[in-house]
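Supplied in structure tokens, the structure appears directly below.
Think of it as A, B, C, D and E in the order they're written, each chain with its own count starting at 1.
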């Protein structure tokens, strides 16, 4: 896959002139000079609490949070996304990782049937900029919006302001957008997913992470055809799909390949599928994923990487 | 239609003296030196999500957001209204368009029966001023108020403050005002629409976008006669009507002509009717609309423009 | 009526020393050097929307907002009270009027049975001070509190802070206080009205506008005797009564005379009774009202003024 | 009663060094150099509206708010507590009084059965500091917390922040703490009152005003024995009891004596019992109260003062 | 137990470079140069009001708040945790104690069945930094989060921002995290406790105080085995257990020993178990606890300390 050059990076008009070079640096770092994003999602310790990290079917290595950073260091990823505090506790020992600070999070204790979801912004951007200033390799921010929640307004406003401020300071922004709430009956409805992609664009995000659409009833399109409509709706915002719960590597890699090559996706966002494995296996999986996302490999080639038969690094 | 001069622009008393020239520049740009407004509404990717852009009866070109900017560039419009992020992603490639930043937006997922509508301000004015400073051709702001909603207070306060700040900085403001909420039984009641127009004036807006009033029952006035009362109530705030869903061009242009010449409207605000068409047809429709709004053409002349038999540019 | 001198103006202790002269100027302007207030209320385009300005029994002149400013210019008033935006759109053409900026407003669409009333502050004081700085003749602020509403706390706090800031900057403040909400069964109960007057004093207002009390049941006092108790409770805060809906001039002027001479009121606050008339009649009514309020005329003298048999100007 | 010296004033650690002398001045003024507090409560015009000031059994003098200031001037008190605006309107004419600014207040219109009580902060501390700067003799602040209300959190936070800021600026703080709300079944339960006293200490108040505890059922302690536990729980925060509705002077003075000498109270907080009387009687009552609180007199001696047989001044 | 050196202190990446030495100082003070935390919890006067301090089974010494500070002075502890105001009133007389300012607190009056718990932040960090500047020996902050409450979002956001600010200023942060609210059926469920520990890490806390997990049903692990999973989930955030209500010393010390040596806990957080005793006994208990936590003593050795047979100091 050909590397993109500094000139090829399209800088949004809300990046202030003096931060243009910083934005380009961060874009090239995050996409490993490919324009595609391999996002390693490490924010589930709040989102799903400890159940994603300990229990049946999960390698015991995952019980210790340092596991995430070892994968980030030894594997091949674009960015490691996690909450500010998590990264503050480990970043000094893992300075080579590109960090994406997840700005909001909620636990899954209160269910939608009790109250529509709201994920609060947990710290001001200033605290993140200070960390960057102090030397942490932060390339961007993440924020989750639950569209259709009764708290949609608050999240839209927090995200809207964050993107403006982040761009002004040369940082990328990835939005996680999930339709969810009492008003939402089918969270993966293709129209909704495409709508979510368009919302991300209107807010000015650089990338948007959505769930893969699920055509149902009369809709005879494949999920990847439906995804293509969402990718178009996202316009200049790159679309990536959430990885979901752990499946076998071949299924996972095939799906990813189709998301990119049929669905128009611009990368991947993967968490549990990676970190619930042993360190070695997890590292190999990051390389296999990156082979497809960042190296434009075929599924077969990626599987060879996963099986350790060949390497993929950048 | 005679051009208005700098001296003829009536500058509100809350435009700070040092921003007086900027306000006049923006007013002349937005109205193309006519005092009338041709607003191309491109904020529906949040308001209506993807259903306005993809599906039966919609040209496939509309699935890609760049379509909006191509129309804005090739067609004849006063301003292109869209969210800050959308404009940030494309403005560098379309520097000639006059942009109006829509400051708030909501999706249509939560219905009024579940909760009264609130459309949150999505970013501070400072972030918009910074974009202007960085070179984006921003001439004004837009904001939607749902009068009669239980959240009316929040939107009134956000709009009231925004107008003060926008004027102080030389920017125009267009309010979208729709009566909506459990307390509102007839959203297009002529008294309500006229009331909305008066509210816009009291808040100090330069233009207000309302739905065309719909006289019912004992009220035997034509819609355009009823609109005239609203235009009067708006005083020095120019009134324009929302375009609504797509209809055939002749119906649309006739309606617009009557809104201006009988109803006292001061222009138009049109979105779906334009962008759901192919690029070529959409461009011709913007010219036909502008022929009426900005060129004081007859319906017949405008139809000729739409049919490509004559051109209208400024 | 003898004019009061600068020395006779009692300046509250929260007027900062450097703004003492400004406060005295504003007090003398607003009261036309009488210590009494003739307030022309022009805030109903939000409060009552267009129904106060157009319809049966209302002169067609009132449909155009400029009517209000013509009355203010040609008539005799103390201050014209209206929202910031309304005044910003006309003040440059009517520089001689003393303006009182109404800082909050709500429509009447949501009824108390649905939700207790809250009238939001629509702009920061800074935006008003900037307008004053830019040359608009602003002498004071107005704010409405609905006592007994579930949102009483928010309005009390907004008013409390505004008065402190307004005085610090040399501006007068008039509070509109109406008991209203599910907890209030008799909005014009004399004890409540007197209580409202005392609240205005505790918040530090210069004047308070209340509804005339209505003694009922065992309470055999006249409304004006009951009003006297409220005027006493107001202490150093001058009390004026709301004018209410339009009645014939004689009834209106007699009532006003009694409010002042029996009820201890310190002026009047009149809107619809004035502006729903033709310009000529409205102008004469302002003069008749001012004859009583500012000139200490009898009802008979005031009626002669209203009938155009004699003039009253200051 | 021996006077305390500057050295004996215990200055909290959150009084900034440069404000240490100011704090000591204010403490000595407020306690008239005794360490005990005689607080004249004049905040009921909002709390109880006009019913505390006009009606059967209330001297007509109380209908005019100036009555409060005349009592403060002619009587013997430690501080006069009232809202900022009230004090702003009269303080210039009564410069000798020590003022305590009541920072929050609510009316009694909305009952607890409709909504739990919340008393909002009515103005920023800055506005109070500005008044002090402009020459008003302000020695401290007051704030009411309704413990057990669903709005407890907001009041606790406002109080917590105010105390920090007030101390930093050399001002004293008196908290009024009343358990009240749907969760509170016995507002004068001794455990609750002692708990309230402890809360005041944890927030850092200098004095706390509570209702006298009322032992019931198996609790055979006298109210004054129960009060002693609350006084202990208050630690270094001085505890004073609310005076309640008007009773005869002897009952009142005996109760106060016991609150101090058995209950460990550190003064009194009295309003209606004083101001509902004629000026002369009210003045004598302040002296009688102060004889006990500030002069360590016996009940008999205090009664002689009340009856005008001897004087008590400081 | 070997002392840790300055170089061994792991400083989070959000401690600003100029505050690195301060953070190390505070860490060494709080942990008495051991890396373990002995936290003396003195915040219950708000949390549980006076019932923790007065009544059957509680030494009368505890009725006076000074008791807490005497224990802190004469005993052996790491930090004394209490609200800002409490510490402000006593710190000048107890300068040798390491203080941890509890930033939020609520009473227990409103039960979860009425409303989900929210504990509000009671003062800005600036007020705490000012106290530190004025000489109070403040080493860190505490904050309580109720996970699963409908107000989780507010507490998460307040905590998230506080930790960032505290670290930036060189202060430690201890989070108290309790799952509680209508959505939480088993507050001590091991998965939930481990989840809470992970949340603390993601927010960047230095230590987290949780309730000891209670395995039930099919879960046959001992509480200490379950605690080990939580300690692992906490990663670089040290985990300590809440002490709970008073039990006999041997039970208490045995439990603590197992929490540390089996459960991986990093210290203790103890309140009532200490202060409800007489001063002498309380002092001995702090030394016994510290013998285990800070001195790595056996239970038998600690009991000897408690019984006064040997001493433990640092």
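Here is the rule we use: a residue touches a chain if its C-beta (ideal position, glycine included) is under 8 Å from a C-beta of that chain, and two chains touch if they have at least 3 such contacts.
Predicted, not measured: the structure shown is a model, and the values here were computed from it.
Student: Imagine subunit D is simply missing while all the others stay put: what groups of chains do you get?
Tutor: one piece
Student: Determine whether subunit B and subunit C, two copies of the same sequence, contact each other through the same residue numbers or different ones, counting it as same when over half of the numbers at the interface appear on both sides.
Tutor: Different-residue interface.
Student: For subunit B and subunit D, what's the span in angstrom between their mean Cα positions?
Tutor: For subunit B versus subunit D, the centre distance works out to 58 Å.
Student: Measuring centre to centre with CA averages, how many angstrom lie between subunit C and subunit D?
Tutor: A distance of 36 Å separates the two centres.
Student: Please list all residues of subunit B that touch 2 or more other chains.
Tutor: None at all.
Student: Using the definition of touching given at the top, classify the network of chains in this structure as line, ring, star, complete or other.
Tutor: Here the contact pattern is a ring, one closed loop where every chain has two partners.
Student: Provide the residue numbers of subunit A that touch subunit E in the complex, in ascending order.
Tutor: Against subunit E, subunit A makes touches at 43, 45-46, 49-51, 53-54, 63-66, 82-92, 105-107, 109-111, 114-115, 118-124, 127, 130-131, 134-136.
Student: For the complex, give me every residue of subunit C touching subunit D.
Tutor: Per the touch definition, subunit C meets subunit D at residues 11-17, 147-150, 152-154, 156-157, 159-161, 163-165, 167-168, 179, 181-184, 191-192, 194-199, 201-205, 229-230, 232-233, 235-237.
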